[in-house]
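Okay, so chain A shows up in both of these, paired with chain B first and chain C after.
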Partner chain A sequence: MHLDPFELHEPTTVEEALELAGSLSGKFDYLAGGTDLLPNYKMHINLRPHLISLERVSELRGVSADRIGAMTRLAELEEHREFGAAYPGVAEAVREVATPLVRASGTVGGNLLLETRCFFFNQTYPWRQSLGFCLKADGDRCHVVPQKERCYATFSGDLAPALAAVEAEVEVAGPSGRRRMPVEHLYNAAGDGILRLSLVPGEIVVAVHFPAHARRARAAYSKLRVRPSFDFPELGVAAAVWGAEESPEKVRLAIGGLETYPRRFDADTDPLAGAALTDAKVRTVAEAVTRRVRPVHNTFLPPDYRRRMTEVFVRRTLTRARSPSGSRAA
Partner chain B sequence: MTSRPLRTRVNGTAVERTVPDERILLDLLREDLRLTGTKRGCDLGTCGCCTVLLDGRPTLSCLTLARSAEGREVTTIEGVTPAEGLHPVQRSFVEHGATQCGFCTPGFVLTSVALLRDHPHPDREEVARAISGNLCRCTGYTKIIEAVLAVNGGKPRGD
Partner chain C sequence: MATEANPYRLLGTRIPYVEGPLKVSGRAEYTDDLTRPNLLVGRLLRSPWPHARIRSIDVSAARTMPGVAAVLTGEKYPTTFGVLPITHDETALAVGKTRYIGDILAAVAASDELTAERALEAIRVDAEVLPEYSDPHVGLGAVEEPIHSRGLNGSNIQKEVIQHFGDVDAAFAEAAHTVRVRGNFAGVTHAFTEPLVTMAEATPDGRLTVWSATQVPHYLHRALSEVLGIPLHRIRVLKPEVGGGFGGKSDPLPHEIVCAALAFETGRPVKMLLDREDVFLTNHGRHPTQNDLRVAADAEGHLLAYDLSAVIDGGAWSSFGTVTTYYNGVLAMGPYRVPNFRYHGRRVYTTKPPSGAMRAHGGTNVRYTIETALDELAEKLQMNPFELRNLNALPPNSTTITQFRITSTSFLACLKAARERSGFDAKFRKLPYGRGIGLGCGFYISGSNSPIHFTPKMPQCTVHLKADMDGGIAVHCMQADIGQGSNTLLAAIVAEVLGVQLDRVHVVPVDSDVSPVDIGSYSSRVTFMMGNAARQASERLLALLLAAAHELTGYPAKQLRVREERYEVAHRPDVGVSYLEALHKAMEHSGALQASGAYTSPPMGGTHKGARAGTAPAYSFAAYVAEASVDPETGFFAVEKVWAAFDCGRPLNRLAVEGQIEGSIHMGLGQFMGESMNYRGSRLLNPSLLEYKIPTPQQMPEVEVLLVGADDPEGPFGAKEAGEGPLVAILPAVGNALYDAVGVRFYDLPVTPDKVWRGIERLRADGKRWKGT
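Moving on to the complex of A and B:
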């Protein structure tokens, strides 16, 4: 499969990249590791005539105690012992992404901004053409929920839920300056597989930042996938618990792989603060969350199964995160 | 179409070429440089057949722009094979029947060469994890794992 011609730009600073983005408005994509974008380009999905590579922007690199540069390769993060010890839930998610070969190129920023996925979308041009193109690329209808005029493509990144559970933040740079926000605010919570992000066009993810309390969380991540390598999450559950097991200060739960955006369930976990996180409570939260999620039939496993597994995975992941031996607290 | 000069090293030899921006490393190797030992399987990151070493690290050449090799060193299966005979990893693959149709073999060999360079005595679990991005449709992996374990005198069947 050859790629259609495009012009590659290789800025060395964030400002230079933003300037290029401004001058190419709407006609470019950013390129990080390329492990998500290039397969889509090979399948002739939403091509742009320009790519702005972020590979040479040194500000986007580097891992420290409370910051990961957006261009950090997943393999680099995986090998970073101090990082793994400080944020065990995030480290679990990193190890579960794709394969070691994909992690050698794939970056943290690219993982957060991964294109949403759908069985009817991640296909070659002739495949999509023969069925009739869909809303998300070249067409005007949805094959998953034909009655609606919106896209249900699934957010399938592993890192976002794990980062959202420990209340990590992202720094973005755009035409009107820099801002920071909680990781889950990167996404369009109205639930749209096409307008999937809250970013304004041209904005660059610069880094992930960890507030001081993120280190004190006991955190865990569990991923449902068909093969223990290669496969995207059919469900990804991240949990974080602060404070003693007998009386946690705070509990956070974030889920990916089910809907168009990774979602936190604070309304269900806020009442858990201050009293022992018993098996009965864990079960009740798992049931409540499961009633709220709405997977559709656009990935490998049927949505009903993914829903039922949500209950099981929330239970298991919270149980792992609540006990001091499950995942370490600092 | 935008093209520009690319300067890189492939298997120890300096390469200078004018390549289009959208040129993929796999195509540069196979089509421009005629190094056909690197295989094109899925072309989408889902098989590992196209694995090469980029500055020593196993990399999927089908998802890497040729531009990314600028100023860096690419090693393909042709580069690890000595002028005469075989690399110890290749020999072990032959001895253990770890290759059948052979299409996946260059990728497995390069992944294993890098693993053994960084971890000369991996255990079975480490080998399985390291090769988990390479698919083989013929051997069922057992023989590949045994071949890798045996390279540095590990016991192929003992854990």
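Moving on to the complex of A and C:
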């Protein structure tokens, strides 16, 4: 496999990058760590003739108490002791991403914007051509759920649910200025594997911001996958609990790796505020969430199993997060 | 035995690989490290259809593209080939039909990768799509369009084996206990580190030189000659370092022949490096198999009979399939005495990537079936699984009903060691729910007695030695070091016999111009056969050196003994000569010293049809205990520890043997817990190392290796194989441990967490309890 030639642009400021993006409209991809984009390029998936590297944009760097620059390497975050102590659930998710080699290159922004994945999409050009191209690249049909309207590719990032659970926000810069939004709003909740983001063309994720209450949360992240390394999540559950176990102020649950976008389940967790978070309540929430999720067969493990594991993983993750000791050990 | 003092200076110790420093420093040269002036890049166009008749292939646009040196299609080299002389059904490129998604339709040689791939895109293939046959059971009867014309009675059956020894029906009629199991095994592939790669150059002197990542340079040599129509002596095959094979580099492969053909077409050197997806599609991995086994035993637990039938999914080509079909039956014949045996094996062509030989070829799936069935039998008998094995173990110097001669076996010693070291009896059925322990045993050939050869009377291995005035000893042999350490063993044997330091011995890289034939690294034959040939060659060279030492000392050669770098009089150690003095004296008569040694396996086996299959000059034996823990809510399990008792006779390089056992356990665990070639119809869904789930180091258990073999009477220095036999026992050991942990039998491999979870759920739904649940 080879990479087709492309033109590489290396802006040094966000504004310069946006200007380039404007002039190359529709003909470029932003390049962060490259661990997601370049393998897809090698498979000739949705190639663009221009790459705008964000490597030299200094504003996208840096880790502080309440902000992570989008170009922060996952390995850098993993080694950041204060960050790990402040946001243990996010730190758990970071450690679960791929392998040390990938984390050395992969970035926070890249993981948030990870391309959705599917057995019928993450394949070489000849493979996809042989089967008939799919909706998500070069074609007009879906091989997972036979129809021609909607793509079921799975959102496979680990960081998004962990960040959404502690109510982190993303800062985005675009042609019409800057905006901030909750992490989960970065994604298209209409549930389409192609139109997966709420960003407008050219927009860049600049940083993740943590509101003051984020570091008061006890949080945890659990990941279902066949192997304890390498593999993308087949289910990723993040939980955050504020306040005492006997009387939590707030509980948040977010799930990735299961559907086309990471979801939060506030309607199920809001009623948990104010009363003891008992095993029975945890179980009830886990069962309620499990009834809502709809995985399809486009990853390694069968969807029925992944759905049933949602109950186990929600229960276990929430149990870890509610305990005053367990989740802050990191 | 391991407890006795080692009589050897080098052999039996832990010998680091002689090429190790080059490999760890990145200096070792693999095929892709090599280059030639004006090198072209070769690329393959693969079939997008599982089964199609080719109407035409239009290469005109590709051929005229700038930078394209040649475009090749199948009709130019239609001669069939295949690793077994009796089943030549492959062509280098598809001729007339394409038989799986990945079959080679055309090939391009171009100035660079990009140009070559652009040229492939410009090739137009017109084809009539034919029925797809992904399920081997469909191919058992007559089909509309057989994949090959050689299919039995219009079916897709490539090979059918029907054998009956003794009287199985009578044995079942008198049996006190019977067990019936069906094992289903997904296909797995070798996933060696170094991808397939070949470089070829045709020169104006009429010769063809081929460098290739191969386990069997000699079979490649033959296939090149047959298909390209060039006499063997005008072809030169070189084997650089090889990054693993596990059977996947033992067939002559189409891309190797295509690469050589492109070199001929262009008159320029061509290199073809396959992508990982290409490697998956080339496959030749372990056959997807369904085994149906019935076992009969008397009231005391003596085995009375096996009744076995198998449907084996061959994929598009024959490859080693005839051997596979036999092995899947006859390798059931150890390590126990089985007085009655019936086998019906059918290997069926399908429109999928070809299956072939993979580490513990033919012996792995049937072994799992047997060993889990025996675990069930032991439970019925209310007998400790070890006692059942002890009762039925084949004794040394015995003969199986299939006429395999069993010479050495330390199987009972393996059982004893594994049982004691693991504390099995204190744990079996006594560990808490979710934790379990299991026994699995193994048996494998130590070198196939049947060389795949036109003239089987020739030796299976020849070794040449040359000692010159520099004191170095060059060793020539076509044995293929593929990372398993055969170069190191070869050097160590020579050094041991001659008494010289290891660094005097140089194993010359395989080059068919100078390396005498050895039939390669497969069937776990190298230590046994090459070892014996090397020992004989070394003893002949030593005789020349001792004759010279006699000239110098005046003492007869038989009174001289070999010390390190020195030959001295046994009863007067102060009298002696150095190795160099003896060497230089000997050279006065003939110049550089030469010696040759060879190995031919002795006559053996019965006279029935297929009697040679499974015959070997020796067999390895194994008894493994695995301890595992299961998370019953998720089905995830971990193998915590493995006690691996193995009989490889005398281990000659303990480091290599331990490595083989640990590596085999990793590979066997892969097949058990996650690896599988996943198909939708005939389409391989996971041709990548991300979605083909090789276990990570975190999933590897602690392994305690217990080497308990006694010397084999015919093995070199008492050794037998340790490259394949160590794999088979781990799968049933873990399967039986999972049963002990949660009370569920797993007969459908791989046993992924969802299957464990489902099994536990089903047990609960049936209201069954297990160990206090």
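In this section, the second predicted complex is superposed on the first by the 326 of 330 C-alpha atoms of A that agree within 3 Å, B and C clash if a C-alpha of one lies under 4 Å from a C-alpha of the other, contacts with A are read in each partner's own complex, and residues count from 1 in each chain.
Operating definition for what follows: contacts are C-beta pairs under 8 Å (C-beta built on N, C-alpha and C of every residue); 3 or more make two chains touch, one makes a residue touch a chain.
Since the structure is predicted, the reported quantities are computational estimates derived from the model, not experimental observations.
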- Query: Looking at the overlay, what does A:V102 touch: chain B (first), chain C (second), both, or neither?
  - Reply: first
On the A-aligned overlay, A:A190 touches which partner chain: chain B = first, chain C = second, or both, or neither?
neither
| request: In the overlay, answer first, second, both or neither for which of chain B and chain C A:H2 touches. | output: both
So, does A:G34 touch the first partner chain B, the second partner chain C, both, or neither? first
- Task: Look at A:F119 in the shared chain and tell me whether it touches chain B only, chain C only, both, or neither; answer first, second, both or neither.
- Result: second
**Message:** Per the contact definition in the header, classify A:S229: touching chain B only (first), chain C only (second), both, or neither.
**Reply:** both
So in the superposed three-chain picture, is A:V200 touching just chain B, just chain C, both, or none of them (first/second/both/neither)? neither
On chain A, the footprints of chain B and chain C overlap at residues 1-2, 4-5, 228-230
Within their complex, chain C touches chain A through residues 46, 48-49, 101, 113-114, 117, 275, 277, 633-635, 674, 683, 685-687, 690-691, 693, 695-696, 698-699, 752-754, 757-758
Chain B contacts chain A in the complex at 1-2, 20-22, 24, 27, 43-46, 48, 51, 57-60, 63-65, 67-68, 111, 129-130, 132-134
Interface with chain B, chain A side, in the complex: residues 1-8, 10, 31, 33-35, 38-39, 42-43, 51, 53, 55, 75, 98-102, 104-105, 228-230
Per the touch rule, the chain A residues reaching chain C in their complex are 1-2, 4-5, 119, 123-124, 126-127, 129-131, 224, 226-231, 300-302, 305, 308-309, 312
